[in-house]
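Two complexes, one shared chain (chain A), two partners (chain B, chain C).
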Partner chain A sequence: MESAEIKLHLKVFFEEEFPNPGNTLTDDTNLLNDWFVDSFGIVNTTLFLEKKFGIEVCRADINANTFRSIESLSQYVAHQLKSINGS
Partner chain B sequence: MTSILSGAIINQEEQEINNRHNPLMVFAVLVFLAVYIYLFTYASKSLDLPMPQDLSESLGLHVDHVFDSDRNVDSSLYVPFTNIFINNDDERLVLFLGAAFAFLLVYFIPLEHKQRALVFSSLIIIGILYGDEGVAGLLCAHSLVYLILHPVTGFRLSIAFLPGFFAFWGFYSYFSSGPVPLLQSVLAGSISILIYRYSILPILAFPNAAKILRVMIVQSALITILVGALLEGWLTETWKLALGVLLFFWHWERLFMYHIDYQDGKIPKNISFMTYLSVFLTPGQIGNWNWGVTIGQGYAYTVNNFLCEDKNKLILGGLKLWLVSLSYLVLGDWIHANLLTFFNDHGILVYRRIEHMSSDFVSGSSMGSATVLLTTLIALMKWTFSWGGVMHFKVGLWRVCGYRIDPYFNYPWLSTNLVSLWSRFTFHYREFLVRAFYYPVFFKFFKNHTHLRIFTATMAAACFGNLIWGHMTEAAFYNGVERNSLLISLKEWPYFVLLGLGITASEFWLLHKKKTSRRPWTPDKYIGWDILSAYVTLQYFAMIHIFVYTVPQATLWDNCRLFLAGLGIQF
Partner chain C sequence: MQNLAIEYLQNSKNKFPDKTALVDDGQGITFNRLWDNSLALAYWINTEFHITNQPISVNLPKSIDAVIALLAIQLSGNIYVPLDIDTPAKRKEKILEVLGSDLMLELIEGKFSLSGKILSNSYENTVEIESSVLEKLSTRKPKDPLYIIFTSGTTGTPKGVTISNASVIDYIDWAVETYKVTEAEIIGNQAPLFFDNSVLDLYLTFAKGCTLHLFPRDVLRFPAEFGTYISNHKINFIFFVPSLLSNLVALEIFKDYDLACLKKILFAGESMPLNTLKLLRSGFPSALLSNLYGPTEITVDAIYWVCEGNIENLNEVPLGKPCDNHQVIFLDEEEKPVTTPDKIAEICISGPGVALGYWKDAATTRGVFISNPESGKQDETIYKTGDLGYQSSKDGLIYMTGRKDNQFKHYGYRIEAGEIENALNQFEFILQSCVLYDSQKKRIMAFYTAGKLESSPPFRNLLSGILPQYMIPHSFHQLDQFPTTQNGKVDHKILREKIMGPKNGIR
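Up next, the complex of A and B:
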């Protein structure tokens, strides 16, 4: 899956799941500061990533560097997909 | 919300940029601390200034439930476990003066020495308040943890001197005069080097044995109270925890989170003992040592949030919290008492404490729904004022010292569901439960069954972990390492089950609710629903405390009947 496609899926998910009227969601929007409502957002996002992309999210991946933005999340997903396809 | 995931890694260049001085901020912090000193200590008497109550009355303000018999403000802010001073007003004075000292030191000292300065200033304040026994016990326990989590060799082996040396002073401080005890403590330190070098280091060389040893040291508080309670039940002799050990055990939830960071590889392998100590020893934790013990969390949260923003902005955030803290500490009891008077004058019986209601109910008095609802809700409010006042002071002090620490209470009354309340109420403790129990279960079990996955993870955290690792151990720290302390705390299980079930239900609702573009508390025609949701959330949380704040003679069925009476169902 291409990076642009991953980003699009993520963007649609965040806009539908955590609507934030008045704010524009870009690839670099700080999700932790400006988008999530609460910590269940992290759980919900994890469920989405596993279901949509078929990747396995580990506890250690739940960190600020991964969940900072759509850009960082898409890089994480791409890396996980590459590992799956490569193995 | 960055801190929900411990923040991103901060580098030294960014910290230098955030380290600009602003004399106005320094002045503001000192003024705030002077207000705390004036209101909550005897300083005004010593300085021949009017006492707070005299000042209030001279301004025509005659208020009850604010001042205590010595005419300053009665406060939940205190320093526990000390017998060094005559009363807690003097201990508070040490705390506030110590906070001022620590702040000035950390504000002006160069960046590379800041966290070290906080460790030293904390040890000085702890030393004055708890004596050498407290400091030595704490350092003994922490040096032992450090040596097991971060094995040392070569010249750094000298650190292994510390557990033995400090153990001597921590456990036998009443012998602490003359050259003989000094020699004995040096001997104890030398022996501890030998023990570490020839028995612990070889064990740490085996990965599985090292893992067991690490878990044992991290779980030392739980192991101690379980073994102690068993022995007490068997031999009827209660273990008395040394002061320093007790102080260390109140760190154990943070140690738990430190260990999680350790397992996740977030801690540098060559971390120094001083950096390790800087995670645990900061002035912000000293007041009400046994309250809000999870503030600061583990390594990543503490280190990544140090000077990660302009320090003056952080101080401003701290001062705002201190303002809220002052209003809670000064006015909390007054608001509580006036609410009780208001409802009782209007013919609605409202009890001052849930235990009083429970006692009357068990004695045969019937309880109306309004009485149960209002007593529990107002008790929660009182508790929030008291706890929130102290927590805002503590978090404020962390911020004043340069840490971007999330508030422990973040407008909990705005919670429109229990998931939100779980984040807004005792935030750092929630983080402990999520990281120690929720995530391990969520990422390991029932991966193909979403609802079961969420249910088990939530119950593991809010129910099981909360009861066993949170409340049961604390009960032993407070009431003694006795079997009875543990049994009494375990009897509170319905509260934890109801909390877990309530949070699970909220999670399911959040997972499936119809998505809209509206955020809670948007001022539109739906705001009434937000108010109702917030009320239901808080009322539910308040009512389940019936199972905690009960009386010994009440049975489980009595508590259930009282809970149901609140819902208008009488048995």
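Up next, the complex of A and C:
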């Protein structure tokens, strides 16, 4: 899956799950500080990643670096997909 | 006979002077140091301000300094008021207005400051300071207020629940006995200081000489950080809101981390879902699991249940039975006692934990702190919680079924829908608003009617100047009109069914 496609899926997910009218969600928006992804949102996002992309999210990877932005999350997803496909 | 809550710390610092009392962000402080630093700040308050029994708000992030501030204020014979440092300035102003005092303890460039004055002296002669502070304190009585904690109010103005020293002592002595707390306990603190669950963590530590870790923020957001922190620091005792425990079990945290050190897991602040309890039990087969219940107005908790034996047959998690020295009375809508088991009525509580009332608000106090209507008990004050529940005929335990008003719990925070609606109604374009809570998805939803709008207003930005973050609704829905009841009020039941489908019960 292309990076742009992963980002689009993530953007749709965050805009639906965490609607923030009048504000624009970009690839670099800080999800934890400038959007309002709370601890329950982190759990839901983890479950979404596992279901949508068929990856396994190692619990140690659920951290502030991975969950910083759509950019960092998409890189994480791409990396996990690559290791599944073995390429 | 103990008069004041501060005596817990005084005794423990004599017993365990060099033991670590608090840990924050890798920094620790011993019992002796905690006592000396608190005394020095109290001495400065006494010599600079000459005040007694006055509320002093504490505008500090959770930290060792914030705990020193709470201790110093009580040592100076005054009443501490922990504020949410992130709450908008407008809401803080309302709180100071209710308090009738703008005395606020803060840190300026690393130094304590109170109403513009800055603590710059360093006091060396601790013996003299101690005797001066303790002498002034000797006139303070058990029934004198220890702290004021603010809770959401329906009109938009928060209410200051005022709790006495005697109430905290009764509660802590009960908890020490019930949970067999000793100095071996290493407690992990989740609750903010402005949320009264933190009273248990703090005063158990002071009472028994435990060590208390103030969890860094990321420990509570990220399960992996939690797992690592718990196992690295051998935390064995936590008192959490159920939402956070639900998050941990949803990600099966105990499979990846060795959490065997966690032996006492207490939870309160909102309903514990049965599924979470079952997962907790299987993850921690030998730990003590205990559900507690109590609004701020009865000093942290008044009903408790220890999870023992087979829980497979439970249909829901019970609140349990009253804590020592407390009674639960069920009242019907006419405030008449209900003694029939299984009959749903309002949960009311009597006992030493009942608050002194709401600070400087006699009218609201009179509405919910009433004389016990049971025969021969009219001298006793009971607190009407607004929670509905019943005593089961099967196991004799108390269960909660919902609320009689529009209050709800979100991550353990107690929120009046009215406070959010009030904030929304301040915007000119809003005609009418209504706030509902979806407890399954943990979401606050706002509904409103408005004139013609070009686009959806930036609600989060607008509200963040008025409400604390945890009160800002998750979603905003414009309606053409609200469904109404026969007397013209918004019909919550129909609105809820329209949005979430039928069978969606309580807020």
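Definition applied: the second predicted complex is superposed on the first by the 85 of 87 C-alpha atoms of A that agree within 3 Å, B and C clash if a C-alpha of one lies under 4 Å from a C-alpha of the other, contacts with A are read in each partner's own complex, and residues count from 1 in each chain.
Basically, contacts are C-beta pairs under 8 Å (C-beta built on N, C-alpha and C of every residue); 3 or more make two chains touch, one makes a residue touch a chain.
Treat the numbers as computed from the prediction; the structure is a model and nothing was measured.
When the two structures are aligned on the shared chain, A:23 is found in touch with chain C, with no touch to chain B. Using the contact criterion defined above for the overlaid structures, shared-chain residue A:50 touches chain B, although it does not reach chain C. Of the two partner chains placed by the overlay, chain B and chain C both lie in contact with A:63.
When the two structures are aligned on the shared chain, A:33 is found in touch with chain B, with no touch to chain C. In the superposition on chain A, A:42 makes contact with both chain B and chain C. Note on chain A: of its two partners chain C and chain B, the one contacting more of its residues is B. Touching of chain A by both chain B and chain C, each in its own complex, is seen for residues 19-21, 32, 36, 38-40, 42-43, 46-47, 59-60, 62-64, 67. Taken in their complex, chain B has these residues touching chain A: 1-2, 4-9, 264-265, 300, 304, 419-420, 422-423, 430, 434, 439-440, 442-443, 447, 450, 454, 507, 510-511, 515-519. Within the complex formed with chain B, the chain A residues making contact are 16-17, 19-21, 30, 32-33, 36-40, 42-44, 46-47, 50, 56-60, 62-65, 67-68.
Note for the complex: chain C touches chain A at residues 218, 220-225, 227, 243-244, 247, 250-253, 256-257, 411, 442, 455-461, 469, 472, 474-476.
Against chain C, the residues of chain A that register as touching in their complex are 18-23, 32, 36, 38-40, 42-43, 46-47, 59-64, 67.
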